[in-house]
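A, B, C, D and E label the chains in the order they appear, each numbered from 1.
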Amino acid sequence: MSTFLYLFTHDTLTLVVFFPALAVVPLLFFPARAQGAIKVYTLLATLGELALGGWYLLSRAAPGAAFPFVRELGLDGQPISWIARWGIRYELAIDGISMPLVALTLVLMPLVILGSWKGIDKHWRAYGAAMLLLTTGMLGVFLAFDLFLFYVFWELVLVPMYLIIGIWGGDRRIYAALKFFLYTMAGSLPMLVALLWLGWRQHETTGQWSFAYADLLQLSLPLQPQLWLFAAFGLAFAIKVPMFPLHTWLPDAHVEAPTGGSVVLAGVLLKLGTYGFLRIGFPLFPQAAHRLGKPLVVLALVGILYGALVAWVQTDMKKLVAYSSVAHLGFVMLGLLAFDLVAWQGALLQMVNHGLSTGALFLLVGMLYDRRHTKKFDEFGGLAKVMPVFAFFLVFSSLASVGLPMLNGFVGEFLILVGSFKSEAADLRWAAVAATFGVVLAAVYLLKMLYLTLWGPITRKENEGLRDLSVREVLTLTPLCVLMLWIGVAPALFLAPSTPHLQQLLATVRARIDGDQGERVARSGRGPLHQSAPMAPAVASGSGAGAGIVPARVPRSKTAAAAGAHGPGAVPAPAPPGAAP
Amino acid sequence: MSHADPLLRADLASLLPELLLGGFAILVLLGDALAPSLRRLWLPLSAAATVAVALLIAAPGWASPSSFGGFIEWTPVTFFLAEIVLLSAALCLLASQAYLRREGLGTGEYAALLLWCTVGLLFLARATELLTLFIALELLSFCLYALAAYHRRLAMATEAGVKYFLMGAFVSAFVLLGVALLYGETGTTRLRGIAEALAGGSGSSVVVTLGFLLLICGFGFKMAVVPFHAWSPDTYQGAPSPFVAFLSVAPKAASALVLVRLLGTVASAQVGHNWSQLIALLAVLSMVGGNLLALVQKDLKRMLAYSGIAHMGYLLIPLVSVGHDALPPVLVYLLAYALMNAGAFAVVALLFARAGEQHLIAELSGWGYRFPFLGLCLTVSMLSLAGIPPTLGFVGKYLVFFHAIQHGHVTLALVGIAASLVGAVYYLRVVYVLYMKPEVQAPGPLLIDFWGRLAVLAAAAGTLVLGVWPGGLLDWLARAIGAP
Amino acid sequence: MEVAVFVTFALLAVAFAIVVVAHPHPVKSTMSMVVVLFCLAVLFTMLGAPMIAALQVLVYTGAILVLFLFVIMLLNVGRERAPVVDRPAQRWVALVAAAFFAGFLGMLLWRTHGPDTLEPLTPDYLSIHRLSWELFTTWILPFELVGLLLLVAVVAAYVLARAPRPGEVPPAPPAEVDAAAGPKPARAAAGSHP
Amino acid sequence: MSVPISWYLVLAALLFAIGTVGALTRRNGITIFLSIELMLNSVNLLIVAYARLLGDQGGQVIVFFVLAVAAAEAAIGLALYIAVYRLRRTIDINRLTLLRW
Amino acid sequence: MNYLWLIPLLPFAGAAVNGALGPRVPRWLTTLVALAAPGASLGVALLALWEYRASAPAPFEQALYAWTRAPLHIDVAFLLDPLSAVMTFVVTFVGFWIHVYSVGYMAHEKGYQRYFVYLNLFMGMMLLLVLGNNFLVTFVGWEGVGLCSYLLIGFYYQELVPPQAGRKAFIVNRIGDFAFLVGLFALAQHFGTLDYRKIFAALAADPQAAQVPYMLGLTFAAFVSVCLFAGATGKSAQIPLYVWLPDAMAGPTPVSALIHAATMVTAGVYIVVRANALFQLAPGVLWAVAIIAAATSILAATIGVAQYDIKRVLAYSTVSQLGYMFLAAGAGAYAVAIFHLGTHAFFKALLFLGSGSVIHAVSGEQDMRRMGGLKKHLPVTYWTCLIGCLAISGVPGFAGFFSKDAILGAAWQAHIALWAIGTVTAAITAFYMFRLFFMTFHGTFRGSDEQRHHLHESPPSMTVPLIVLAIGSVVAGWVGVIPFLDRDWLGHFLAPVIADVGLPAHHAEHSLTTEALLVGASVLAGLLGIFLAWRLYGRQRNLAGEDAFVARFPTLHRVLANKYYVDELYDALVIRPIAWLARMCWKVIDTILINGAVHVGAFVVELTGDLVRFTTTGNVRNYLLYFFAAVLILFCWMVF
């Protein structure tokens, strides 16, 4: 109990995570009719959360340096037990990998509430409660360092989102909400089984019950179970991402969800999937991830190109943006699958970027929807004349989404693509090239959107009298746009907190992948990361004409791989010299 | 048969809860006859008595582990089960007040029958001897038949009663046949004695197998496991809604414990070889069948009945490899099921005004806003039934699947999750009807009283609180039962 | 001699059992049941359980079946109007299954206990004194339970069958509620799936 | 010569099966219930025969209880029929299908 | 020179200030900011160049801050070396004067402030492009100018065509950028850095390392070169990505002058020259560059012959001239390419501004068939345009003469066919330019009376830049010759930038005779073109010549007027198939296959449930039978 009190009265992660949930309680006592008061209260709650979380992060961050790894401990300095029987801990922690996503969540939530001001016209109390609970769930997922806890938060996210889509959504909201829920459940239930199996295995191996991330990380599983487990976890994550062909819930959910729901969905919820891969999928099952890397890369690529193509032919603004999410998250997945530090940096940044730019786009679509109650392109055209401010923000956000240099999208995509292209753990050159083509397609569909909404003559009478954005709406969008520009111009500041953590994680993963491959000869003396220039393969191989680059790109020898697979218990071979952080 | 221990005071003392409850029931009955004007008191009073007994039995040392010459036992497992039964009885009693008042039904007999039924269930849970088991089964069944048909003015209720009765009587004949065969082959009716005799090699293994099978099927019937389930939706639909909160929980819980005992005996006697497969088969059938059938229901009570069938399927998973560590999952699951199902039926009882008609889910459209509290509690129940954290339902599922995985039944767990997915659809349907559909009709003349709310609140709060902090519960179970 | 008695009463029991289940008129069924029970009582006696035989005749024949008759008359249940079963499948499956069950169980018991020989009856076994000693010591708990059971049965029967109390809403007017006119299967009812 | 015990047992099985057939094929509620009583009684025969085989008086005690239970059951069952009959004017099982699907 | 970063920053600041001030401030304030920014930038640039003169050719680098840090360290850094110096001068100088011109040209437009925001932004991006010290900063500018181009082409967003043209420009450019990016990835992969100087130093240190097989069966150098050149074809409107440039004329004319003539479109040339070390290592790619360039130049020139829209003629002329530049680069004469880039910037900007002045005068009319006889109304425009036309036609003494001559000389050395194409193109260029000139200024006015009524010379804000640029069009050519009486001064100035990778030099000195012959041929070709134009258009002073031409070669004219149907071809071969694919993806894969599978699965589950539910018949005897049968079956299963 004292631990409990301590956690809720100090500057702790617990407070950051659960403050929104606590803020729900007073909300329940508001009279249902006092919509205005409820709105203001909800906004204040999210702002309070932003302040709390912001303070927590800022007081620990140092510009240009790694964000410290902070573990939530009890009063006694020990990890807090939750279900002692099964070694399940209430283990929250933050590091540079989760920090950006936490920050993203914190920033987005007040904007979401602001963006819902007009669009949500009923049951505000429930809406506020759902949003606040959602915040707790999402933060929890990012901060849970016990897999069981992770799962609980993972599922916790589901219900509020289901309600948000289903209650305040469009005409087919129930269908969309149910689809969202079932897809996610279909993924998370196998994950639960896999998780339990993992816990059991941990107990079998060490004699200790534990679901703690750090403990499970020590567990080196043979390839076969790894494959199954990765498949189960991966399914859950892939559905959430969503990767092709598991993405069809997304357009429906986005189209039907209210603006705020869409923003949260695109801004944060999808990141749960990619974060899951990064935090859990790859580190826990590195060999399996690597083995299944090829098909996953193909899916990511298909996602990029397919998402872009399908986005192009949409007639509904929101659907277009939704499919663009498929494409963008495809980039993130590609970056993650590259097993390369640069790509991972990019992927992590791109998660944030996507949250900002797509969040802004959904907000903008919502603002338009508030005015015209439609999202169809046919209904618009020439809006730049009547809504210049809106046009500015839409163009700005679209360009960020397109990946225009100086805006955030470019940084992420660039790093992902460079990283994938130069990755040594995975042979992704052609994949990177193909993905780069997705950048072209991004321009195609987003410019189509701009063209059909903003440019040209105004064709509809209804549009002639549209009001431009109000101060509230501008306030909603401005922080996002400022961040987009800031990240685009000076990304180093945003990359710095996470890079060392990513590097460490990558080293662990790579060490085990390399152990799996037993193929370190070809790249001896070459670390995963090139820090010195020039370090062309040619340099390594001397001036032997043309021969230098070949060994490094030799397709993994089948026999070597098989040998790795059969190694009993797959004891990870020591990391190659350069792989250590 | 040994010539027996004298009737000891200690033995009688170990019947304390049953005596108290049974005696209280008689008092209620008398009070009802003598002072009809107090009829609003009986149910809350009985509930209080139940709670009091529930608290009382938590005190240590009042009962010996085994009494009446090994006819009944009192172990932590029995204690836990007794608590579940008492809990559901209390919830049912509280939730019934409004229903009985609204429908103009007498409360005294209702309370008395329910308490006696509880007594029967306690005996069933405690019995380690087949005849006691049989009589306890009949005792509680009689109460259930009567309670199912308690709303005598309703065609549905009486029909439910008759159906349940015919099924029950038919099955009890089989149970008795099973008892007879076991008795004949081993010369005793005590489970331990049977196990010892079988281990000693007496009896025809095929006949014994048949005997056990009949018993297992009989209690499977009580648990409403596919393929012995057909009675349950009909009965649930017709029986008074608050009573179903009890009917759908307590008999199942006690029968599950009996099943554990039987399987334990079977395992220790090493009769027959594929009991595990049998249970696995029943589990799969129940999970799949229950969920599939629940999916297509429009009537909330029938839906919950099928959902209950499916939940019994999940419950059977740990019993596939019965052992000490199978008990915590089973018990926790039962507790979870008791809370969430009782909560759900209590809400149904409060929200549906026309007892004699179908309880269409669609009727709830938009009522989540009209009845925020009840809607919320029903939602909690549904989410818990669907196994979404942080509810006790999730903890139960977690333990069940974890047990399966620890014993290598991953396939079973996978079937379970596939079925859960189907399950999520219809549980969510209730939620979306509550909150996402526009209201189509105003409710009829409802009576939502304090006791009903209390029951609903207790169920929902229990579901949530224990879902968030299951640690103590699990620790207690582990310590008491000594699971690894 | 014993065999002859057994065969006679066994055949009688079987024959009347068949009448019980096959006769369309419930009164005749009930009366046949009396015969069956009586035959069984004879067999009980042969098995050294005269006490049970007596109870059988007293309780079963004397009380239970009379109750049956009363109710049949009260409800004025006549012959079953339609053929005994209206779904042939049910009947045939039931017959085959039951035959199989009887054959299987009979064969099983025959095979298991065919060679068993009986000890001669001892006075001890026949002693009613000993029986009651058993009843009140070893089996005291079931005995107490049965007491409660009977109480429950009384109350339950009263609850179910009593006339409506003054002030209580009377039962709905007896109407021929036909299944077909009952609530439609929910599938057809309003309400939509996603 | 004395009758082999297995004859009793087989007879019991046979009667049980006959009772089952009755329960499964009749539509009159009372006859069905009567068939169930027949099943119970056949089990009684089985138990008594077993008791005789085992030389254990306990079996007789069991039968004693079963008789009591059967009596109680009869009371409840018949009361239920009365209740149903009041509302439906029938106890034909085939017509008691308000609750289905 | 630590103020180098101010050069790109000042225009950005101008854009930001004007953007923040909004459209409601007084116009003079907008103008002030809009002109001050590039003006200051020009001033700073001149100052920097003056200072740099002392330390040249040693490059000057300035790193502002780290864009990303290890493992892939990229600085936001600027580089002043001979190449960027030349480029900076051209961009700031021409850019500034076009800003000035715009003040007059846009005076009556509604989006005045928006226009200058875009234009300033463009200046900043362009300067970022040329001053960037690494491929990334260049790429930022590269895409940035593309964006500004998009915005400025679509400046008249309320009309139908300009936004479409803008979109086309952006997307086609993006296709090029895609290749450019891939090139960047390869560079980053190979060198671990994107720094120009580090990369080129590594290349110079070990040229063989770049000859390793890489992708597509090419060597590393070739692969990267292909990528960069592919990027350049987009930006600099070469085959196959030139299609956007003519459409881009939908933007305001000063924009065409600045972006689509003088600066942005030359970025491709800049990048090829910048990366010449790589190209040098990939002779095959150089050939490809030369061939594509030659083909582009003649293709565009021939199309230009049949166009009536005054700006379109100039646009095709630009494409053609850009082909010239690439021809030079492909022939290995990088300095010459830059030389022509510079001269072209002057005279093409001049021509565009002149055409703008004309359009301004005739109330927005762009069809030359409705012009004519403007000479007396627009004297300044007339004379400055004449200078521009003479310059582009390669008439000796004017800027074009020197640069074009140098290109043809380089082409001659590369391959005679290239030279021949170049020379023919020169003739065609002269022809269509003077066709334009005569159609516009000579003869009688063919427009409506209302237009005639409004004919007027442009205000000084427009004529002054014309004059300045006209002077430039004359003088720029002499830069290569005069300053130190050193023939090919520019070539020597740029020499440090041009890699010496040990390959045989492409261009030794020609003999004097060859030189003379080449010069003669090119001058002759130009004069021939002018003469033809005069014959057809100038002499008869109306459109009779044009009519005769159309009558004589109807098919040819149709093909040329329709731009060889390339747009239609792209539409049929690329756009439609992809659109079809996209629709298939959506309707077939997404809707039918994936969603269909999900729905069918759900339906099957529900159907099963619906079928199974009928086992619960409501008849309790059935239930009894279920129980009994189940017991039997389970028993059999247990026993057997």
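Couple of notes before you dig in:
We adopt the following convention: a residue touches a chain if its C-beta (ideal position, glycine included) is under 8 Å from a C-beta of that chain, and two chains touch if they have at least 3 such contacts.
Since we're looking at a predicted model, the values are computed, not measured.
Looking at chain B and chain E, the chains that touch each of them are A, C, D. Innermost chain of the displayed assembly, by C-alpha centre distance to the whole-protein C-alpha centre, is A. If you compare C-E with B-C, the chain pair joined by more contacting C-beta pairs is B-C. Remark: chain D and chain E have CA centroids separated by 98 Å (rounded to whole angstrom). Rounded to whole angstrom units, the spacing between the C-alpha centres of chain C and chain D is 3. Between the Cα centres of chain A and chain E there is a gap of 37 Å. Our note on geometry: chain B versus chain D, Cα centroid distance of 26 Å, whole angstroms. Shared interface positions of chain E, i.e. residues touching 2 or more other chains, are given as 606, 610, 613, 616, 618, 620-622, 624-625, 628. For chain C, the set of residues that touch two or more other chains comprises 90, 94, 97-98, 101, 105, 109, 112, 134, 138-139, 142, 146, 149, 152-153, 156-160, 171-172, 177, 179, 183, 186-187, 193-194. Residue positions 174, 178 of chain A each touch two or more of the other chains. Per the touch definition, chain E reaches chain D in the complex via residues 613-614, 616-621, 624-625, 628. Within the complex formed with chain E, the residues of chain B that make contact are 162-163, 166-167, 170-171, 174, 206, 209-210, 213-214, 217, 221, 227-228, 230-231, 233-234, 272, 274-275, 278, 281, 289, 292-297, 422.
Of all the residues in chain E, the ones that touch chain B in their complex are 605-606, 608-610, 612-613, 615-616, 618, 620, 622-624, 626-627, 630-631, 634-635, 637-639. Those residues of chain A that touch chain E in the complex are listed here as 179, 245, 248, 251, 306, 309-310, 312-314, 341-342, 345, 382, 384-385, 399, 404-406, 410-411, 414-415, 417-419, 421-422, 429-430, 432-433, 436-437, 439-440, 443-444, 447-448, 450-451, 454-458, 490-492, 495-496, 499, 503, 529-539, 543, 545-550. On chain B, the positions that touch chain C within their shared complex are 1-7, 22, 26, 29, 68-69, 71-72, 104-106, 109, 112-113, 116, 119-120, 123, 129, 131-132, 135-136, 138-139, 142-143, 145-146, 149-150, 152-155, 161, 185, 204, 206-207, 210, 296-299, 302, 357-358, 360-362, 429.
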